[in-house]
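Before anything else, here is the set of structures, which you'll find just below.
Below, subunit A partners subunit B and then partners subunit C, in two separate complexes.
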Partner chain A sequence: MLMTRSAPAIAAAPIRTRRKASAGTKLLRKLTPYLYVSPATALLVLLMLFPMIMVVRYSLMDGAIMKRDAAFAGLSNYITIFENPVFWQSLWQTLYFTVMSVVFHLIIGLAFAILLNSNRIDPLLRSILRVLFILPWLFTAVIIAIIWRLLLDPNGVVNSVLMALHIIDFKVEWFSSTKTAIHALTFANIWAGYPLFMVSLLAGLQGISKELYEAAGIDGANEIQKFWYITIPQLMPIIISIALLDFIWTMQVFPLVWMTTGGGPIYSTEMLSTFTYKLAFAQYEFSLASASAIIILILSMSVTYFYIKHQQAR
Partner chain B sequence: MARKRSFKSHALPTLLTYLGLAVGLVFAGFPILWMVFSSLKSNTEIFALPPRLLPEVFTLQAYVTIFNDPTKVRFFLNSYFVAGVVTALTLVIAILTAYGFSRYNFRFKNVLNIFIISTQTVPPITLLIPYFGMVVAFRIFDTYLALILTYMVFTLPYAVLLMTGYLNTLPKELDEAVLVDGGSSWTALWRVIVPVSIPGIVATAVYTFLLAWNEFLFALTLTKSMDLRTVPIGIQLLMGQHAFEWNEMMAMSVLGSLPLLVLYLVAQRYFLAGMTAGSVKS
Partner chain C sequence: MNFKSFSRTMKAAAAVWALCATSALADTTIEFIQWWEPEMPAGALRGIVDEFEAKNPGIKVKLVSGPYATTRDQIVVGAASGTLSDVVGLDGAWVNGLAKQGAIASLDELMTNANYDKSQIADIVKVDGKSYMFPVASFVYPVFVNLDLAKAAGVDKMPSNRTEFEEAAKKMTDASKNQYGWVLPLSLQSPSGIQNDVMSWVWASGGTMLKDGKPDLENDDVVGTLEYIQKLNKDGVISPGIFAKKEQDKVEEFVNGRVGMMVDTLAHVNLIRERNPNLNFGLSALPAKDGYEGKRGMPYASWGIGVSEGSAHKEEAWKLVEFLMSPEINGKLVSIANAFPGNVNAKPDFVAADPIFAEAFKIYQSGYPANEFVGLPVAEELMRDLNVEVQKMFDGAQSAKEAAANAEKAWNAKF
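And now, the complex of A and B:
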């Protein structure tokens, strides 16, 4: 995932200098780069461009996929979506879930990166911890979902511990109460997602020149000042990149919700993705679902626009 | 006075660092340990009061049940097969593309680059609806092909970017030596570039495998027969069927995470190096 940041490196690839050759080989040479990139391009056109055109078409029709001769319906599907209060609820819940996740991924990821970068601890221990701290990232969303369903079960260990500590005085049904479900879900996602920030920021920390800290030390800066005036500004490009990527990906959350709450109870954890999925594959309203999917795409693309701008500026 | 100062500047920060790491370790590790040990409990012990991390009686019963159930074994075989094929295909195509990107300048390069980057951020749910239509129209609904083909859409962009980042770190004198000797760029790529790119290729392969192994949405929607279900969907079905067989679900989860864990540990050095090579250098 980190390699997405290598994008500018592509643009800066070396220019080849070549010797003069006959017209035939010249043509072949001109075509060579296109031949190398053609399989990927063809596949992405088939699997990306073509489906995009289809989904836009579906969203403008009435009864796409289900009806043989679906009629043109203009923007009526979009209007139906915008008039649906569940759509708006899903939108706000998705934003809450996403913003909270990204903020805590950043805080936890940064804290762990700084701790793991510390030279106060034994190098061997440090490299073992580095591996252990990445582990949550390796788990499938489905598995994360059922681990947290077990931990947060009304009879589960989290409730037992919280009751023993007198933080709560009854068994909370974390995933089945409209009050707590979205927070439980967000917490599980925070647990699963911080390592992306941690790994990138750790690489970033190791790239900060020690001389900067030494110079600041000579000028009498304390640790907190060094953190705010050196570490954070130096890490800023990485923080922005990863935050935008994390935002885009977290917004697309599906399996975690599907496997814990399914969007319930009473829509309290409905996300844009589950809302759209249900429209398509539970109600077979493919045209409405397509309109909703296009709205998600536009939201996602507007964040992507800033992401690419930021990448190219780096 | 001097002693107090040295305590302040050394012992306290060190203590706080260790404390922070300990908290982090519990945060990251406890849920995983709970999963592993729950898979070794009998089902009656799962919600024992007071809760115990370690099982009172260690039992492999949950694992035995899974291995004796051909349907569940099939989930794993399906996941290995699909993720394996996707990884192989993705690698070949990504290496070709990355070589084109890394060693040549051509028209549309920047357009193609932006296209590939933005492909990474397209929501899967947006693609799922037309994929469903396409897969039904091409009569490949409920086949391995439907999964393999659609998985490439999200593995390929990463693989191309990872590999391009890696190839950019290799000096172009490497392929020039082959060209001077009269070899083609094709020979240079496979005889010289690929062998020295093993770390990058391993990193890309591990990451591609991870993405394909973890996929849920397409597998849920584009297949329907039990014979074609992958591990994540298998776990979901298990959850629906016997909601109370927690030890078995935890055992499925352990087995479902194992390949990624092993791959990650084996390739760890390559993985982090490969993942950071391009990003830091750029």
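And now, the complex of A and C:
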């Protein structure tokens, strides 16, 4: 049967096509931003969200990975973790290690940044100091662990110097004594991590307007007042951002602890990271290790929340 | 070149390419994960594998090599994700976990299918009666003695019992010169010191830490050994920094002449010679408790081999295992690695050529290889548990008896 179109229908056809085309364009325009972010989103889902969901799933199973018929176990893995005294010891030690590291990273980083920003130092000396101060940041965790293991060996340089100066009269076993190991480890981490603060704060210091200091000087402010009322408030956004990031990173430090003390002696330097690693790779308790990892994630996320809040406020 | 000859050349090239591609496609590639390659001279393992490939056309072997600890982690992850290599380098301490996980295959069926004569294998590691690992090369742990240091200290004979060892260690110790009689690595990162440097004393006196396959750490042999080691610690003859010391630190101190004696693997003989060619050292069997006349157990560590349960090429994987365990190749491999063979018919050539290895072989033959951690569940964690208790004992928090009791309690929970 021959199909024919009436005249008005023929006349209306191009209009509909135009309408259709404009709807398609509209849709494409709407989708364009999503298309732009889709590769990054896909990567995020694949590399971050998916593993995270897997770890959450494992933490709710009994004998994940190791048992072929691993069953749902509810929150029992979390309860087992919370009932383990070594977990609580690890948690407090992690907090001590992290807080001390962040505080001293800030103090040392700020002091060195001010030193490097000062015009009273010869430019050549300043350049040399800049290279020297940043050196610890260039070393990998393995090198840092080796350096400090050698320095703090009972027969190492630190004991020799301290004995020569009559500060100690016996060889301190820094990493090998339950009384000193956590402090020695924290010290090594402080040494390794302050350059991040130093570099960031130096950039911040160089951005503070000199007019502020001049105006304060005219008003009769001394150097300490200038430091407290100009320098610190001006640097505060950087300090908060870097301190929060440093807190998150330090809380997850693993290689330095593992390669210096392995969590010992006894459990005196056990951190959440080493505690979790041992559950997974020494005891093959992947479900418990996943539960422990999720607890670390929640702790890190709580700090991340403050970081995001702070960023939004800025 | 005219068009015709160009076309002919192209056709010939295409034919050669197709031939190569077809044969490449026909090849089966198997993966072999191990930590041995970095511990052998460069190219040595590859050379042996090349020999295998030449004798087995159609099978290619891809070596996946890394340091011991990395390889262990890779194997654990591979076992968990089902991506374990076809042939797996194994430590006896991993076998139980991997077997129970179903990650490594029982070798019994493969042996039966190949009509393999298992009487030629020096030792087979079994779990629940099934064979899972052959030790390809075994490294025994005798006592290394710095002969110059011993002579200077007035020690004129190798200590053969605990009293003699203690006396020798005391004589060699001079803390003012940073010189100590013995070195004991008890780092928690790698707790193998418990196996090699602590429990070895139990096995050397014919003792055991197991009863009917269950933990038995409260027996007199184990408690007596812990008390003895504690005494050495109190005597001040052990190099300081025990709790943070690892095996490599132990070797380093011996190489530098800072300790007189250490329990160590024969695998380190060449390393010691390279690091300090002037070091005059000798070997001795691990001292037994006074009055013990029986055969002495000698700790050993092995380069073991097994086959992945998930392998799609088990037959080819078995061929590689069989090849590496054959008398000729096994002898060649252990000669390069300075180890004792996994095949009883293999004849390593280093024994006759080197007096140190000749002595080691004599010690090896007069005793028996002993390592009760092989095949135990989560063996490394068991060592770590005992390590923590020994550290507490050294720290003065508990007695040897309490350390043994607490460790046994922790072990029981894991069995």
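Heads up, the rule we're going with is that the second predicted complex is superposed on the first by the 275 of 314 C-alpha atoms of A that agree within 3 Å, B and C clash if a C-alpha of one lies under 4 Å from a C-alpha of the other, contacts with A are read in each partner's own complex, and residues count from 1 in each chain.
Throughout what follows, a contact is a pair of C-beta atoms (placed from the backbone, for glycine too) under 8 Å apart; a residue touches a chain by one contact, two chains touch by 3 or more.
Given the structure is predicted, the values throughout are model-derived calculations rather than measurements.
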Per-residue touch tally on subunit A - higher for subunit B or for subunit C: B
Which of subunit B and subunit C A:Ala203 touches, first, second, both or neither: first
Partner chain in contact with A:Ile266 - subunit B first, subunit C second, else both or neither: second
Which of subunit B and subunit C A:Ala216 touches, first, second, both or neither: neither
Which of subunit B and subunit C A:Asp153 touches, first, second, both or neither: both
Touching partner for A:Pro136 - first (subunit B), second (subunit C), both, neither: first
Touching partner for A:Ile65 - first (subunit B), second (subunit C), both, neither: both
Footprint overlap on subunit A, comparing subunit B with subunit C: 65, 153, 155, 258-259, 280-281, 286
Residue ranges of subunit A touching subunit B (in the complex, touch as defined): 1-16, 32-37, 39-41, 43-44, 47-48, 50-52, 54-55, 58, 64-65, 108, 111-112, 115-116, 118, 120-121, 129, 131-136, 138-143, 146-148, 150-151, 153, 155-157, 160-161, 164, 191, 199-200, 203-204, 207, 223, 245, 248-249, 251-252, 254-255, 258-259, 272-273, 276-277, 280-281, 286, 289-290, 293-294, 296-297, 300-301, 303-304, 307-308, 311, 314
In the complex, subunit C residues that touch subunit A: 72-73, 76, 80, 97, 100-102, 178, 186-190, 240-245, 258, 378, 380-381, 384, 387-388, 391-392, 395, 414
Residue numbers on subunit A that touch subunit C, as the complex places them: 65-66, 68, 149, 153-155, 171, 173, 175-178, 181, 258-267, 278, 280-284, 286
In the complex with subunit A, residue positions of subunit B that touch it: 13-14, 17-18, 20-21, 24-25, 27-29, 31-32, 34-35, 38, 46-47, 49-51, 93-94, 96-97, 99-106, 109-110, 112-134, 136, 149-150, 152-153, 156-158, 160-162, 164-165, 168, 172, 185, 207, 210, 213-214, 216-217, 220-221, 231-232, 235-236, 239, 246, 249-250, 253, 256-257, 260-261, 264-265, 268, 272, 275-276, 278-282
